[in-house]
């Protein structure tokens, strides 16, 4: 199993979710995060106090998928989240050693 | 019952436009006809009093609270409600008599009305019109709210680092040695500045210069917040600041038009001026932001509103509507330039710009009141109105207020420092005063 | 038009200090001169009515709403605006006539004014001063807001678990069998408690004891929230609670000084007392927190403010300013001790302390009103004022209010339980009533 | 001073129930006795003015602001405070004279009072009662707030995509070519619709139909928001919307009962009607939600409140209390059906339902005012009141208001488009107007 | 060492935390997340605009534990977080290469 | 490639970010989290209801770095985030199997 971590632009959540559904991904977890990278932040001014905010709001998606599905998950996210402009985000893949569905106690791929 | 407040022989009526200022100390002169309590005046003055209350909590509390970081929100709210409550009790106990009691000298009144003794529901206070009085309890309440908001305004310079106990100690001393004397000097017959003939319709010197200067002194004595000009200290909720601004604007009609002490055309003049100066300052602050190379912002609009309100305060009944627009324009531009360009260079963490808006705006308003009086600008000055002479008086009044406030607040903060230590520990400052000082958090979303 | 409300032969004028209470039911006695409508009174009473409205929405809604968890915020707001709206319609349809209509007995008035029939813009209601009347529509509106806020106050004991439908059913019954009769008994000529000579200036028994006791009964019948005293149930936004507190304080001037029904010195007395008792209770609640080993908190300050406001309610025109400070002190300390020390031991989830503050504070105020009347304390009692006799009357009134409210609310909650089931499912309670009952969420940041 | 405003020979007093409308342009006819300024009227009208101010900032700002997404919160608040400020200055400069100045024709008045020239604290304006006048500055201020809130209401159709500069340009033109003429036509003697005898107590046509239709036109010209009906655009803070609703309701008593221009029984009638219509619409909107298969929601309650307030506006003094309840019922149901069922099908992104509530509710209210006047419904119409004839007049007035507003706002938006481009870039729209247009964020929790 | 990622229902935090304490887990990190899977979201209606919110609020727990403790951590969470109804959540296990305690510079298992 | 997860005190974000910039880290992702460990929480009292809040607000940094850079990243964070007082936080290192830059489709280390 793989854990796929994708950092995307917030307004791309819906298209990505739908695209993933289409390829059979049945669950995912989303976290609101902030990031920086190539994409720079912006400047805010409050009564003369100027603050440069270098973090940009992003969403982090975490999806655990069976080994064979994983590459397609990466591709699908990559396609659905792209706008072509800077800050589109990254996708990382990690190995998962085990999975449990709390409700049933099922383990590994049946737990997904 | 004879009136307990009078006007020292001045004839102040709107049909004969004249200098305006709050009514002064008891005159003993018998009056031809028994003065009457007009229920319309009572209705308006009670309403005005309630409106000023709305300026403090929730108004000012939200305005200031929105500007600090989340972790210090409750500390600001708590300091404001507590210090206002304290000021109310003190006013009833000895503040009122020090400012408006019988007797006394050019600096304070006598102590005969301590604990409001001798005052009943039938006691009355004079208005600006011969023959009209209002219940003294209403006058006391109205003035009580002024003392409460003034001390609360000072907190703007102290937030995010001052101990709660220090605020309370400071307030006791400051009200006693700064506010009550200045209120007496400016607004009571026999008061030093009142007798000069200075114009301060609703408190440009007593409230705004006073509070703004004291906030600056407090900010200097306290020192900067950890991380000032390094860390991001963006307002945690400009929404709350807007709510506060709205309530301040709304309540300020009580503050200004209530200072007419009657429901008449003069109050109506103060009312419309309070609309126009504020609207003007909102727009000109936002324009100034543009000229300075920034976007027009909501915080700019809110700051402009306060600047306009402050500037029109001494002039509310001493200006025509077009004078009010001009006053708003000047205050909007100058206060904006001050807080956006000049303040940063001073290196003082006068955190929420109590000085930059209330003192600067108050000085502008107090001095320009001499100008807005001009009949040629639509002002209520008479044909023989001498603008030059008045200008000098206004400047004198401003200088006295600045010095008195600076010295008095330095004393008050120093005593507070000795008694309480003044500033929270670095750990509490970092974690936030809400948890450190009050054991609560503002939000649990 | 003859006045529709009168004062049963009592001479109530401020120049001759006397017992105070709301005006009562129509007297038929012809009066020498035609009574006049003073526009100052009308102005004030309309303002006062608007101020009481501000206490409900947004005031009380925010005060209570800020104290619950995010997931239940909207349910509190919805219950309050809906129940207040319901109370307004009911008041116009049959509430007013039951409380203040013509005829009737010691418990309710007659039904002649159902649907406000026969009342026009020219109809008038008596005030406390001979010869002065106010438009009846204004009196009806003023009293309408009282009924609306009282039923809304009860919600404090029920939040985070009661069904919306249950609140509505409860309200219909409770207003009918509890509020209208008690309002009649206490405030209308011929009313049981009114005739005893009990003092309740603005609603210590009718509003606060009544609502507080009913909230307690409701909390018992409903049972505790899931996780009570186990899970963290910290207020989701003390900022909103502060806003609510401020608006309640501001609005309460309408509530108390409006209960004078005129814009006069008596209203001025109620005004200043409403400042001082509240300020005093704010500070003494915060001090009590310290004494009990905690930090002075904003929620403490807000709770103190409400305790002070509640306590001064029956005494607003029946006390001198120093009496008001004392009343605030007692209420601030005792209510604080009750909710911080005693309540936890009772094991009842009276969630937002409607009982702990409104009933406890209301009892303190209602009983001590006998004391604050004392001329020696600056109170408005005459030389022949008999404090012992009055104390007994006050206690009797309190006891009747407690019993009536307890029995009536038990009936009302029981009916609501039968009709609606009263309590939401465990799943909805966990997920939050906002989604479960109203299909919305309060915040989408 | 002779009155500057009069009623063109109409006898309007409550003892002889009659058609109601705002007072109109100066009559020259000499009056028997010198008209008096009753301080009670002044007190009430200043209070009413302040109340309308509270409707704008913070009221409407929060109502609208709560409904948009977090990233656009400040843009809504900024647009409202700025446009209201602009409207105030414009009113003083040339708006007042265009609407209520001396002379002129059926569409606009003369320009003699530009810059409020000639008006002093002693100038007065007529009320509806012979012999009673109020200070002209108070009348000007009261009407000023009406113009300010009306233009701010239009923003409801434009949010989350319009440029700040576009709003300002639009406002200048729209006030000039739409608001001032319609105010003159409906409320001033000699005004087209006024002379027909149309009833519009507090602004059903002038304010609500006008603003609602203009918002719709603006929404069409601007186009839909990106993601409309695709992305989740849930309100970011219904709490703020509730606060706004509460302040609107509270302030509306000034709007409606203030439109009586006096503190009398007629104002009292407007007061109680403003309670009852609103309460009724709150409950019937929520019931309609149920009937349509949804849960009763807080946003429903708030929307109902506004619908009821809008509907009672033209009828406030032209209806009995039961008529008000009926009006609220009809408006609650129809507005709910419109925004929940019909609007979605139109495919127009009239974002915050300024049309769906203000125009639809305003049309309902304006037309049904002919009905609520009926004495058989408890209305203030006389025995000879001809409902059919009045109905036709009301419909005519509505049609004129709709057409004038549609054409005028189309012109104003087109000019704004040419000058500013009207709509922000896609990038700014996505990121939020707060950062893109104002360089700030609303919340930093 | 293992990183154990558990997605649970929010109201289960306290029981899980206590159960973990009992077996000697001395630290953990919690993130507010939203997820979807078998458990569907709900519908919200705002003045006729109907939005289906398919994400359900969850808490994500992250615990780094020594290899031998890890299975017990998984079991303990599984037991304490279960309600038996849909949406109880998942537990994933990943390998951790190294750990550092910032305060002391201690590494690996002593850092936990 | 390594995924470095660092839990730090919130006010240390700026120094850490700057220090990382200096050693050539070009992107990172930040999440607001709560944690508990050696550092205990605090007690809040609301009208007599006493709640002990055992979670302390922290920030979680996630940085994916090339294998050779990873140790320096850990050291740098460790140095910049330390105050020496309890609750300074932890740094964990995990293996990453793959990375994609959504905008360009670049993979692995070029994607960072």
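Letters A, B, C, D, E and F name the chains as they come in the text, with residue numbers starting at 1 for each one.
The rule is simple: contacts are C-beta pairs under 8 Å (C-beta built on N, C-alpha and C of every residue); 3 or more make two chains touch, one makes a residue touch a chain.
By chain, UniProt protein names: A, E, F = Nitrogen regulatory protein P-II.
Small disclaimer: the values here were computed from a predicted structure and weren't measured.
Of the two interfaces, C-E and E-F, the higher number of touching C-beta pairs belongs to E-F. For this pair, subunit C with subunit F, the centres built from the Cα atoms lie 53 Å apart. Rounded to a whole number, the gap between the C-alpha centres of subunit B and subunit F is 47 angstrom. Separating the CA-averaged centres of subunit C and subunit D is a span of 33 Å. The set of subunit D residues that touch two or more partner chains comprises 38-41, 43-44, 47, 232, 234-235, 237, 243, 263, 294-295, 297, 299, 439-441, 443, 445.
In subunit E, 31, 44-46, 94-95 are the positions where the chain touches two or more neighbouring chains simultaneously. This structure has the following touching chain pairs: A-B, A-D, A-E, A-F, B-C, B-D, B-F, C-D, C-E, C-F, D-E, E-F. Residue ranges of subunit A in contact with subunit D, taken from their complex: 11, 14, 42-46. Those residues of subunit D whose C-beta lies close enough to touch subunit B in the complex are 37-44, 46-47, 49-50, 53-54, 56-59, 61-62, 65, 73-74, 77-78, 81-82, 84-86, 88-89, 92, 115-117, 119-124, 135-138, 140-141, 144-145, 164, 237, 240, 243, 263, 437-445.
Against subunit E, the residues of subunit A that register as touching in their complex are 1, 3, 17, 26-31, 62, 64, 94-103, 105, 111-112.
By the touch criterion given at the top, residues 44-49, 51, 53 of subunit A touch subunit B in their complex. On subunit F, the positions that touch subunit E within their shared complex are 2, 5-8, 31-38, 54-55, 58, 60, 74, 77-78, 81-95.
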